[in-house]
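Note that the chains are named A, B, C, D and E in the order they appear, and that numbering of residues resets to 1 at the start of each chain.
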Amino acid sequence: MKNSLKFGWILLLLLVAMASRAQDSSSLYVAQLLHPQSDSVRTHAIGRLVALRIPATFPLLMAINDKKLYLLDNQAITIDGKPSDEEKYRLHRVYPDTRPLHNSSGDPLLLSLSQLKTVDIPRADRLLLLPIAPLFNLYSPDAQKRIQAYGQLTDLQDPQVQKILADVVSKETDYNALRIGKESLYAIQLHTAKNEATAKAYIDSIARNWSDNASALLTAYGSGKAFNTNTANYAIEKAKQLESKYDNLQRIQNLFSGLSLGSILILIALGLSIVYGLAGVINMAHGEFMMIGAYTTYCIQMLFSRGYGDWFFIISLPLSFIVAGLMGLILERLVIRHLYSKPLESLLATWGISLILVQTARLIFGDLTAVKTPQLLAGGWQAAPHLTLPYNRIFIIALTAVMVLLTYLMLFKTKLGLQIRAVTQNRQMSACLGVETRRIAAVTFFIGSGLAGLAGCAITLIGNVVPDMGQTYIVDSFLVVVTGGVGKLAGTIVSGLGIGFFTKISEAFFQAVYGKVFILLFIMLFMQYKPKGLFPDKGRIAEE
Amino acid sequence: MNHAYTAPILSVNQLVAAYGQSTILRGTTLSMQKGAITTVMGRNGVGKTTLLKTIMGLLPVQEGTITFNNQDITKIPSHKKAKIGIAYVPQGREIIPKLSVYENLQLGLIAHADKNAKLPEEEIYHLFPILKDFRKRAGGNLSGGQQQQLAIARALVSNPTLLLLDEPTEGIQPSIAQEIGSILQKLVKEKGLSVLLVEQKIDFATQVTDHYYFMDRGKMVMDGGAEELNHKALEKYISV
Amino acid sequence: MKTNNSSLYYILFIAIFAILLPAGHLSGFLSINTISIWGRYFCFAIAALGIDLIWGYTGILSMCQAFFFCLGSYGIAMHLVLQKTALPDFMVWNKITTLPFFWQPFNSFSLTVILCMLIPAALAFLIGFVLFKSRIKGVYMAIITQALTLAMWLIFLRNETNLGGTNGLTDFKTLLGFDLANTQVKLALYFISFTVLCLAYMACHRITRSKFGKVLQAIRDSESRVSYTAYHTVNFKLAVFVVAALLAAVGGMLYLPQTGIITPGRMDVKASVEMVMWVALGGRGNLKGAVIGALLVNFLYSVCTSWFPDSWLFILGFLFVITVLYFDKGLIGLVTTLRARIGNLYLKTAQTTN
Amino acid sequence: MLLTVNNLSVSFGGVHALNLDHFSVGEKELRVIIGPNGAGKSTLLDIICGKTRADSGEVTFKGKQILGKNEVTIAEMGIGRKFQKPSIFPELTVYDNLLLAVKTKKDIFSTLFFRVTPAIADRIHSVAMRLQLNGVMYKLAGALAHGQKQWLEIAIVMLQDPTLMLIDEPAAGMSDEETEKTGGLLLELAKTHSIIVIEHDMKFIEQIANNLVTVLVRGKRLMEGTFDEVKNDQRVIDCYLGRSNAQLETL
Amino acid sequence: ASKSASTDSTATSKETVKIGVLHSLSGTMAISEVSLKDAVQMAVDEINAKGGVLGKQIEPVIVDPASDWDLFAEKAKELLIDKKVSAVFGCWTSVSRKSVLPVFEQNNGLLFYPVQYEGEECSNSVIYTGATPNQQLIPAAEYLMSEKGGGYKKFYLLGTDYVFPRTANKILKAYLLSKGIPKENIIEEYTPFHHQDYQTIISKIKRFAADGKACILSTINGDSNVPFYKEFANQGLSAATCPIMAFSVAEDELRSMDTEFLVGHLAAWNYFQSNDLPENKKFVDDFKAFCAKKGLPGGDKRVTDDPICWAYTGVYLWAKAAEKAGSFDVSKVRNALYSLEFNSPDGLVKMDARNHHLAKPVVIGEIKPDGQFDILWKSEGLVDPQPWSPLTSPDKDCDWVNHNGTYAKK
């Protein structure tokens, strides 16, 4: 008893001594890192810091890993994620402690990047951090990052890791992170479990937790380190269950991808089918209105380049609708108006217009451009441990749903919609019934082009903005309109989703190219069976 | 009757109109009294439909004038004409095919002077019971006669002062044709509606009309009161 | 009067292309390059005739004519490649040691010519049969054929198809032993294209003037009425579809040796829409219009991309819009209206002077 | 019997449009069908000529089942149709409209090498003459007045020379005199053809109904009888003719 | 034509020599090729300002082949036969080059081709100033496998479906296999042109990269890159977990892109704008000034990149060779080009002594937030071009001095 106490003391002293030595050496290495005499010194210093794994150095290492390490008055600092309106950042010290920097008046200090000295750490050196990245990311202020870090933790046998983990978990505030952190702890405990019941309990906890490497961990445990075959089998069984669960999630991911692709197609096809219904022609310039919407978003982002965060995108949603709509209106007034009873001619004219619009965009904007993803929509929603649903796609799905609903209400629940549908089918008689056909036609064109513009705005979230971007989607969206049955809102939705899902499912089996060919041929065969789309008109009205 | 003393509700003066190169109306003149049914008769292809189309503004007037309620409406677009109280039942019905019967009727409300007017469903369904059963059905799927009934109902919904009817009884079963006749007379009497009717069936015309015109090759060649309208009077023109 | 008008067109056409242009070359004003370019336009015009038949007269908007055009071109190209080497370079590079079976027949010229027409015709028959049987019409037809072309384009882009992938087939040396780089050969190809164009025109002219042509137009107007009048519309549609495909393929066959390259780019979405645009611009439902449209659009394309490299798209775009806004029936319609105007003017002045 | 219909049933979206137990037409018979609007008259013709599919039942023509056959085959068997709404080729001239209709071989090769023989020209001209179309022979059919289109369509059916003609409301939009002429024409045609005529014009029916008249109501056969029987049947008066038929009174 | 007029005016009286500029100014390739036209134009202006070549002002004949491969051939004929130009600067895609190649060979023309390409070609009529596979692909793969580069063990070869990616991946695969990477650790995948939807592929990559040590070798072309990188970031992948080494993404593409999600990814080229040679600093400034002055889209925000650098260098190489040969004659210029050295923005580069390719340094860079590259690695000295990769065609080589083009090695 006494012995053991003594032993404990010695151990404690030793630990303290080691810790303080570690503290000392860490400041040395940090100094070497910040002001290296040579590259090799820096590499060595980083190597040592990685090996030592001292929590106090973690903020510093994190800054290095994120390429956000700067020097200000010889202090190692980092910047806060989001810049202010004037592209200025709040600053944090990263070593030896973390605290925000203030100016003389006590307000947070705001500086722009050019006022800071960047500490360049070569990639090779940064890569050294990779093994302990999960460890220091545990200290990240960003919960998402911590969640990832917990999942990525390795060498859980290591007492130092265990200690850090326990420490972090005890301070964890985020619900999800806490759960995952705790369950990482289970993993450690599993390995130290001494009887079947506890082991099984931990296996269950791990399976419930289902972190990134849960199944690998369980398999490893089951095939080697388990202390009896019963637990081993149990672990392997659980691992298999997790695998199949994972496959199911992949399926969900695929469905989601299909849904998102489908929504994009629907969003584009919506305007197309409205305009098609009205002018009775293939509007060759529809894609270009999309492009106008996308460039509107781009321009607004440029105007807002001084900050204001996500506002630029929120504003561009209605603006891209309006700008593209107005362009459509002008086009309608100048050209299409003369062509209502001449479908062929409008085909030609809109083709000509699309050439003009593309070249105009090329001359004004030059080449490849892209819109910054709004902060709110960056990243994804961790729907389940292995299922990330990107926010931008969720947003597009939601936007599509809203637009479909609005379009439906507009077309079928308002007087305007009634008139639009009437004019679409019989201009002359509508006029005789008091419908101002010209105004209605203009409004319809405005809405149709506006919807295209909105689609363009939404597409900036996932793709780039180029003058001929319209062409990329146009055939696909025509296919949607046609397979759904021309002028059928419900058809457009079903076929859009259908094509989305089918494309994604076929991509899971074929390469993307053949997936596309497959889907095209599939549609052709489908049309054999439904030559007038999914929802054909029935009876006499179908004959025209 | 003494037409000379009341101002005509519609007068068409020396109207000339053409489809492209071929002139159809060659100086058509017509004047109709308020609160009366005026019938235009004539053989196939003489331009009766063209006359109504021109009055309605579907065909540009090349020469001549059209006056409605002392207002010159020669150059007014169709939808404005509808709004000032002219309703039109065209030959061939022109139902909006993919709108339901109910929606077709609602479309009639657009020209109604009162923006908040409600659809007088009761009345319509009383006149044309069949439309009630088919409220939700696409207009284009109705049978020919049903469509004709719908077209007439649609025109009446807007509560017009002048009704242009192009062969309204075409394809309608005898009992309902008869009823249409009496409805017209009733509306004329009770609401002061004026009707310009294009009709080929003398029986129907004699039954309802107050005044008739006979048209040939784009011109009115004869007119007179209802009492003068009989087969013999028309014979010489018809056999031409 | 009517016949006079037409013969004026013909005389002008022949005078310019059979006499003026070659003479210009022989006397040194025009380079052989210019002649070849016109030879290529003729090939487009041949295809355009087909499009006019199927679209202008029968009212079926087929977007897969570019595909048939490419089939013709690819066939000849395969023959030409085999004239040069036993195994095409790209196959060597892809480690293919024996010529794939479907390349074999293209060793022989006569077989090549037959296959170049047979394959597109058979495919057109198959596609047409399937589509027309199921009564696909209007936009549905247009988009489905467009989708088909797109699918074919994607397939032709693949290396696995052994047709040269994106790079297509190029670098040909001789045709039937004649050096393709030779001026005489180029001139001969020009004349052959011209002759074929004339023959195709005459054939199409005959077709459209016959009762068969009337049936086609009747199908455009009201297909169901034609059926009730006891014509098997499917057969008629199928027949023109095959003829149109043949014309496209023949155009493609003549096009290749004068251009020297065929790639899947010839049948991408843009290309297939453009072909329709030629006919639309020239005047749909009018054979002369189709020819004039194809020649003019391509001529402008060539010229403007050299003279106005930055703004040629505006020129072409506005041309399309203006044609539509001001000329009812395409360019050919413009000619007629102009003539009528001038005639009227003449008449009026004559009257007033009287 | 040339045409026999048994237990024919058709419904559109659950609504029964036609529910016909039996109906037949003999050789060279002129049969008139009347009935209220929406009774299913046009639908019946639609089924006979292959435009609409029936749910069940059988239709035999010249002893052969024709349900399920397509419209071309049926037309080839000898059934010609005039629609309620004029159906012609608007962008062809009247002459071309007629030329296409003439009964000749109608396959691809025959049309490709077709030449107008004097006999055919005569036929076209005589039909055109009878239907007063000779004045508008080279006008585009789309530019005709409504009545002229009606006649053009009748002419098309006549030139097709079918065994059975299905004529839907031929007198609609015609003046009394023209109606009478049409009646005469039909009577004459009936000497060599079987004809089914649908009409609402009682005067016209009286003129042509030398045989049976069938009354359809709500898709069912109400009765079949001579014109007089039908005219005086109380049920027919109630649901079709109206309380006191002014048209008939005046006769 | 309008452009040539403006350059004419600076030296009206002097004689001129015509060169052709054959870059797509419209169509899908315009995105990339317009910048090359600008670079050529700038080089021409500079040379003209210094007095031209052999006392003659250069007159560029600019045409637009409109991303239409047939039109490329037609325009090439026009430039060589009708316009009689002394050299042509142009093309980007392999197919456009293949399309004009017979034209140049038949008419004894000279084409300066500035873009990295798949090799396997050895034409007497083309001067290849862009990289051959061994000048770009191999060093990149080597770097990624090295300790310094991260020691990656699994490779996802992802490309757009056309010749360059296909060939590049073939060579890369051969290289990786030869280095002992097991077959199952190499995945090859292609997407159609203008592919926009990378959800499925990223999911596959995610699985592939779950255990770390995987990287992507990307030959994705043009407008597909933005959706690819965006999706990559959005599904939670990053350069730290799985870096993308791109062979077709350069500064010009990054110019107006949202680089936030690109930071840390890699690219292999022969030149980066961030190269801090004084020659390059001047080149970059001049280019910005040129674009601003000409009112080109982007103005002084324009950046330079590898193809721009080589398009620009090409004009100088030609001018220098012409001076050296004392003539514009194609064969004389061609002969003068062998072993010709030139102090390019990328430092001293040298034409090969036996074929028409350029020896130049190889650099690997990492994308920074401002769309520029941190140079991580640079080859020691110049890397000699290998038109025929020894990995896939060990028996072939290209030599126009001792042999007649491609010949079989013993």
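FYI, contacts are C-beta pairs under 8 Å (C-beta built on N, C-alpha and C of every residue); 3 or more make two chains touch, one makes a residue touch a chain.
Bear in mind the structure is a predicted one, so any value in this text is a computation, not a measurement.
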Given chain C and chain D, the chains that contact each of them: A
Most widely separated chain from chain B, with each centre as the mean of CA atoms: E
Geometric centre: closest chain by C-alpha means: C
Chain separated most widely from chain D, comparing mean CA positions: E
A-B against B-D, pair bridged by the larger set of C-beta contacts: B-D
Length of the line joining the C-alpha centres of chain D and chain E, rounded to whole Å: 75
Distance from chain C to chain B - Cα centre to Cα centre, in angstrom: 52
Computed distance of Cα centres, chain D from chain A, in Å: 65
Overlap residues in chain B, where contacts from two or more other chains coincide: 141
Chain E, residues touching no fewer than two other chains: 26-27, 161, 192
Two or more partner chains touched - positions in chain C: 154, 157-158, 224, 270, 310, 313
Pairs of chains satisfying the touch condition: A-B, A-C, A-D, A-E, B-D, C-D, C-E
Touch list for chain B against partner chain A, complex: 56-58, 77-79, 81-83, 88, 90, 94, 96-99, 103, 106-108, 110-111, 138, 140-141, 154, 158
Contact set on chain C toward chain D in their complex: 207, 210-212, 214-215, 217-218, 220-222, 224-233, 235-236, 239
Interface residues, chain E side, partner chain A - complex: 26-28, 30-32, 34-35, 147-150, 161, 189-192, 194-197, 199-201, 203, 207, 210-212, 222-223, 225-227, 230-231, 233-236, 240, 252-253, 255-258, 260-261, 263-264, 296-298, 366, 374, 376
Chain D - residues contacting chain A, complex: 12-13
Chain E partner contacts - residues on chain A that touch it in the complex: 65, 67, 120, 122-124, 127, 130, 133, 148, 212, 216, 250, 253-254, 256-257, 260-261, 298, 358-359, 362-373, 378-380, 388, 390-393, 459, 461-464, 466-469, 471-473, 503-504, 507-508, 511-513, 516
